[in-house]
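Next up: some structures, all given as structure tokens.
Presented sequentially are two complexes of chain A, the first with chain B as partner and the second with chain C.
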Partner chain A sequence: MKLLAARRRHPMALVVLLLVGLLMTGGAYAVFTTNSTASAEEYTAQDVEEGEKLFVTNCATCHGMNAEGTENGPGLVGVGAAAVDFQVGTGRMPLQMSGPQAQVKTPQFSEEQISQMSAYVASLGPGPAVPEDEYLDASQGDPAAGGGLFRTNCAMCHNVVGSGGALTRGKYAPNLSEVSEKHLYEAMQTGPQNMPIFNDANLTPEQKRDVIAYVREVSEQPSAGGAKLGSLGPVAEGLFIWFFGLAAVIGITVWLSARSK
Partner chain B sequence: MSTAPATTAVGKAAQFTESRVGASKMVKEFGRKIFPSHWSFMLGEVALYTFIILILTGTFLTFWFKPAMGELHYEGPYIPLKGVEMSEAYASTLAISFEIRGGLFIRQMHHWAALLFMAAVSIHALRIFFTGAFRRPREINWLIGIALIALGMGAGFTGYSLPDDLLSGNGLRIIDGLLKGIPLVGTYVSFFLFGGEFPGIDIVSRLYSLHIMIVPALLIAAIGVHLMFVVIHKHTQWPGAGHTEKNVVGEPVLPTFAAKGGGFFFMIFGLLALISGFFTINPVWNYGPYDPSPVSAGTQPDWYIGWMDGFLRIIPGWTEFYIFGWPISFNIFSALLIAALLFGAMAAWPFVEAWVTKDHREHHILDRPRNNPTRTAFGMAAVVWYAVMWAAASGDLMAVFFHMSLNDMIYIFRFLFFAGPIIAYIVTKRICLGLQRKDREIILHGYESGEIIRLPHGEYQERHKVHTDHEVWALSSFESPEYVPAEPDPDGKISKWERRRAAISKFFYEDRVAPVTKDELDAAHHDHGDHGVDAGSHSGGELPRGH
Partner chain C sequence: MTSKQHTAEHGSQLEQVNGFTNPGIPEHKPRVTDSSPAAERMAERQIAGWFILSMIGTLWFIVSYFLFPIEDGSMGSIRLQNAMLGLGATLALFSIGVGIVLWAKTLITDVEVVESRHDIAGSEEDQAIALEIINQAKEESGIARRPLLRNTLIAAVAIAPLPALLVFRDLGPLPGDSLFKTLWGPGVRLVQDPGMVPHEDRYIRAEDVTIGSAFHVIPEKMYESEHPLNEKAKAAVLLMRIDPQELNTDPAKEDWGVDGIVAYSKICTHVGCPVALYEHQTHHLLCPCHQSTFDVTNHCAVIFGPAKRPLPQLPIAVDDEGYLVAQRDFVDPVGPTFWEINTRETSEQ
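Up next, the complex of A and B:
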């Protein structure tokens, strides 16, 4: 201790302290990130090679030959396999047309090709991996806990039961009822388009599973009260009462006041 | 009154009651009341019947609803909320929905009936306005009707806020904002209502008192007076042969009108039951318990509050300023000003119109909307103005459905907020004047029958038919207000207000299509006299096109 006390005003002390601090945060970060990149599937060198070919043919125009990004598309180093699996797996990529945001369409590639492209992008730098199956099993999640998380983190844009909603300038948060468990997880993990990233420090994999369980529960449960009218709330109900309810009422009034001729 | 002693059981019972209550005179009087029959006269009835349904279903709900905000953990059958902390109010609403037999059905019926009630009230009010039924002697009843609209909005909103779910809490937060936006006293008013800082633990029980007692009591009282006035003033009627300002042509209450009305009530009841059985309304379980932090996308109020919400969505954010360091914010508060403006304009209209036209006579014959183009045009301008604000409340949903930018939707609504009423005014007025000219044409020259005839020398003509006298009367017997120039008062001076009145009168009635006079009608029919147009017949004559 005496040694430390004697040297604490040494000119190099600050540098040493900074170094120690950086090493510790960096080390801790590495530990956490490797944690989240724990890959569900191991990619072979051949996957990476095939993936690179597909990438160069289909993606490089916008994302650059080495996925370094161009002015038409972001760099993909470090986005991880999950991002590729989500974007290509939901058909958003390759982009069909430019617009406020990428649209869902029938995926253009097979599962195997998507996995190869994921392998290639994952090989460029560490990033979130395709989630493991145990976190995608909605039956193991707690929908009530997920509901609380969903209302706090997701409902703002996606609506309380995931019916979707508007964002600024033509962008929108899509309806979640038809989205697969894997893509729900990946969307939370990678924050595609306008969505914020919910990494494992925000929402643990178990919490993400709870959110998935909630989304599955509310989109698959039978509606207790009859037709859901899109689960859009009072606007749909108001339209219904004017265009169906009141129209029927006026029909009745006309019928009742009609004279037999 | 008969004095012979009754012999049958029914007769004895009737005599017993009559000698103590003496209601036969009243029943006789009321039973002979005449109501004209027209579909548009039944819209107010719809409002009355839905109100009765609201009372019936609402009473059912009070048996199980717990208006308290004590916290508990949900242990009911709805899995996605199992163990979630919530208020007793929300938990009891979930219990009504999932555990009480028939509870969800009655809850949905209550809510659908509320939406239909306000819709019926609205189009009933529009019918009154566009037909001029608010004119003397019915101005007070018009004001009561406006009070009923405001009370209906209050009843609806307090009910919407009771379940204490996320949606209703978000709605209350806006009310809190509206109140806090009132300059100077806003914060105090909000604290007074919520019993402290929003949301507090008092608001649900306070809203409950308002929703099940105070507002319905006021509604019942106002509806009672409203209906009493209908009996006192007698019902208005459309122009037609034999319809005068001194009579009412229609069906007596007993038996015809009462039977029809009773049947109509059950049809409305049945319709609402069908809707409630097949269509979800306000699935409270979706929204979760209220928590001030989350807000769901697509959070809207029920439709009748929507126009105020829409106004809040389109008002720009710079309407806030400081006076000596005190913030005066119109960003939210102005929704109250807009409401005051709309309700104020509605309330003032009958008096303004009477002042402008100098017409203070009683009116029991209705105007066809086209026959008062300026009033109809103002009405449509107001409808469009309301509808723009109303639509703006769902701008986010429209943006998603029509793949529009939400920002553009706001700009469009802002533009329409100003331009919409003006366009509606001009278009409506022109349409009305055009329809009036068409009416003149039909009266004077008959209508196109679609029959082409060939004359002996080869010429083709379309046969024009004329209406029966009854129909001609209905088309031509209307009052058409004229521009009344400024008139001097007894001292021979023209006051400033009289000048203004004259200017408004000119604006109102300068464009005018005069009703067909008897001379014009005779002259027109004389022209075609050779072809046997019989103006006195009820069968409808025929005449070939004369020009």
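Up next, the complex of A and C:
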């Protein structure tokens, strides 16, 4: 620190600061890819049986022994396999701690166990099933049509390119860029947390696929103008200029008007 | 242009100006470069160094143009080249500036100099000439002798801007009752907002609106109207279904919903942003612009934020074919409050 403090007023310090700022602006960003392996499953009686065991040991404390719901958790009769696959598959359930909303974390169960739990909950009452692969293939969707639907139905919470946004009292709409196609579909279908439900009459499976295609398209689009700053729009960009741009301007002004020793 | 120019007697001119003592110019302190030839040479080398750095920047720009070519429009190569060219250009221009400023600060003489402004008033001689010209013009034009000409000229100039006032009318018709009316009316079907010009309207069946659903709705045939987007800006509606037991329905508006399905204007009553952040568990509707929050279970009463009026509710019903329709237009005007909002009794129709 002493070294840093000593060099603070060095004539080169300004140049170094400026270079750091420039490099950060033009800095590289990582391209990510997500793969999804979803399938509409046929559940066997054994799946249901195994699922019930898992449910009783892991979920029943809050959701009740027969998934009828308790003060601490909603009833799960009729929520369907899609809801279980989404909530457990994204690690939101089992809930780590109570709070404004469930957090994403590494899933605690294997694909097979999640499928068994889905089978059990699906057996309790009719509800949306895990989507078929056909509707998860973003390459078959129409990103332009999906963009129209996204801006009408999703963008107010999730931001126009799905970067997420704040809701009331600590709740928030998550960033969608790294959510798998299957989980995007299931979220629309089941309306997790405070998200409204978009059933098949509202957005048809084909339209949901268009929405997925749009989300994939915008989140994988490279940014020609340097760092995206989270695609959060004018606030993030304004803050960057406010802190770094203005600081540079003030620094140069002070240096210009300072008397030489 | 007086003898005050180019004088700089440090601290000697202690005169009273407007009750304040003029402290004069602070004492001149010589710089290191003024007294030490070694420091002077050092500064000279430094400045030359900046100019050389600028040359390096220019060369770097040229070199990197070839070193980092754009490959097949690949975004990565475009970005790399941009960054490198930018680095070169920045070095080239910024270093020249730094060098010049350093030169001025360390080597060019910095002895303070006072340069007084000339007097604002012209010399008496100039003033006399100007007065003479004015008097001559007054005499030759006869403006003082011919009041008819003078007065008609003043009148002509005074009324000349009137036509401009007249053409303000062409800025558009007065809003009339358009702020009170939307496309909604008795029997107008609710259709889904497609986010683009649709091939055909998608009507909404009451049974399709399951609990927890939110539909973004526009009136049917909206895209056939003269100004669809203007109409949408007034008529956009959010349709939600809530467990009827959770709704605190005003008895006067008992039949405005259908079995827990309620429709509210999407246009914020604050400044007109689309209020559509619907939390289906808390039943709060949040406006993204200024965080006005409306409670859907209490007829969208404002529970937070700058909005002053609840969101207007659209009374809906189910028609013979099972589709949702409006019973009538909004009873309360939609959108931000305007001056004339209370000039009309809202209970007509």
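FYI, the second predicted complex is superposed on the first by the 211 of 261 C-alpha atoms of A that agree within 3 Å, B and C clash if a C-alpha of one lies under 4 Å from a C-alpha of the other, contacts with A are read in each partner's own complex, and residues count from 1 in each chain.
The rule is short, and it goes like this: contacts are C-beta pairs under 8 Å (C-beta built on N, C-alpha and C of every residue); 3 or more make two chains touch, one makes a residue touch a chain.
Quantities reported herein were computed from a predicted structural model and do not represent experimental measurements.
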Figure out whether A:198 sits in contact with chain B (first) or chain C (second), or with both, or with neither. second
Based on the superposed arrangement, let me know which partner A:226 touches: chain B (first), chain C (second), both, or neither? both
Is A:149 contacted by the first partner chain B, the second partner chain C, both or neither? second
Could you look at A:157 and tell me whether it touches chain B, chain C, both or neither (first, second, both, neither)? both
With the two complexes superposed on chain A, say which partner A:256 touches: chain B (first), chain C (second), both, or neither. both
According to the stated criteria, A:45 is in contact with first (chain B), second (chain C), both, or neither; which is it? neither
For the overlaid complexes, name the partner, chain B or chain C, with more touching residues on chain A. B
Quick one: classify A:97 as touching chain B (first), chain C (second), both or neither. neither
Could you look at A:165 and tell me whether it touches chain B, chain C, both or neither (first, second, both, neither)? both
Chain A residues contacting chain B in one complex and chain C in the other 147-148, 151-152, 156-157, 165, 167-168, 173, 223-224, 226, 256, 259
Using the touch definition from the top, list the residues of chain B that touch chain A in their complex. 37-43, 46, 79-84, 97-98, 104, 108, 112, 115-116, 119-120, 123, 166-167, 260, 263-264, 267-268, 271-272, 275-283, 285-288, 291, 293-303, 306, 393-397, 399-400, 403-408
In the complex with chain A, residue positions of chain C that touch it: 31-33, 46, 75-76, 78-79, 82-83, 86-87, 90, 94, 98, 101-102, 105-106, 110, 192-196, 204-205, 208-216, 240, 274, 276-282, 284, 286, 288, 291, 293, 304
List of chain A residues in touch with chain C within their complex: 11, 15, 18-19, 22-23, 26, 28, 145, 147-153, 156-157, 165, 167-168, 171, 173, 191, 193-199, 201-202, 222-224, 226, 255-256, 259-261
Partner chain B, residues of chain A touching it in the complex: 100, 143-144, 146-148, 151-152, 155-161, 163-170, 172-173, 214, 217-218, 221, 223-229, 231-235, 237-238, 240-242, 244-246, 248-250, 252-254, 256-257, 259
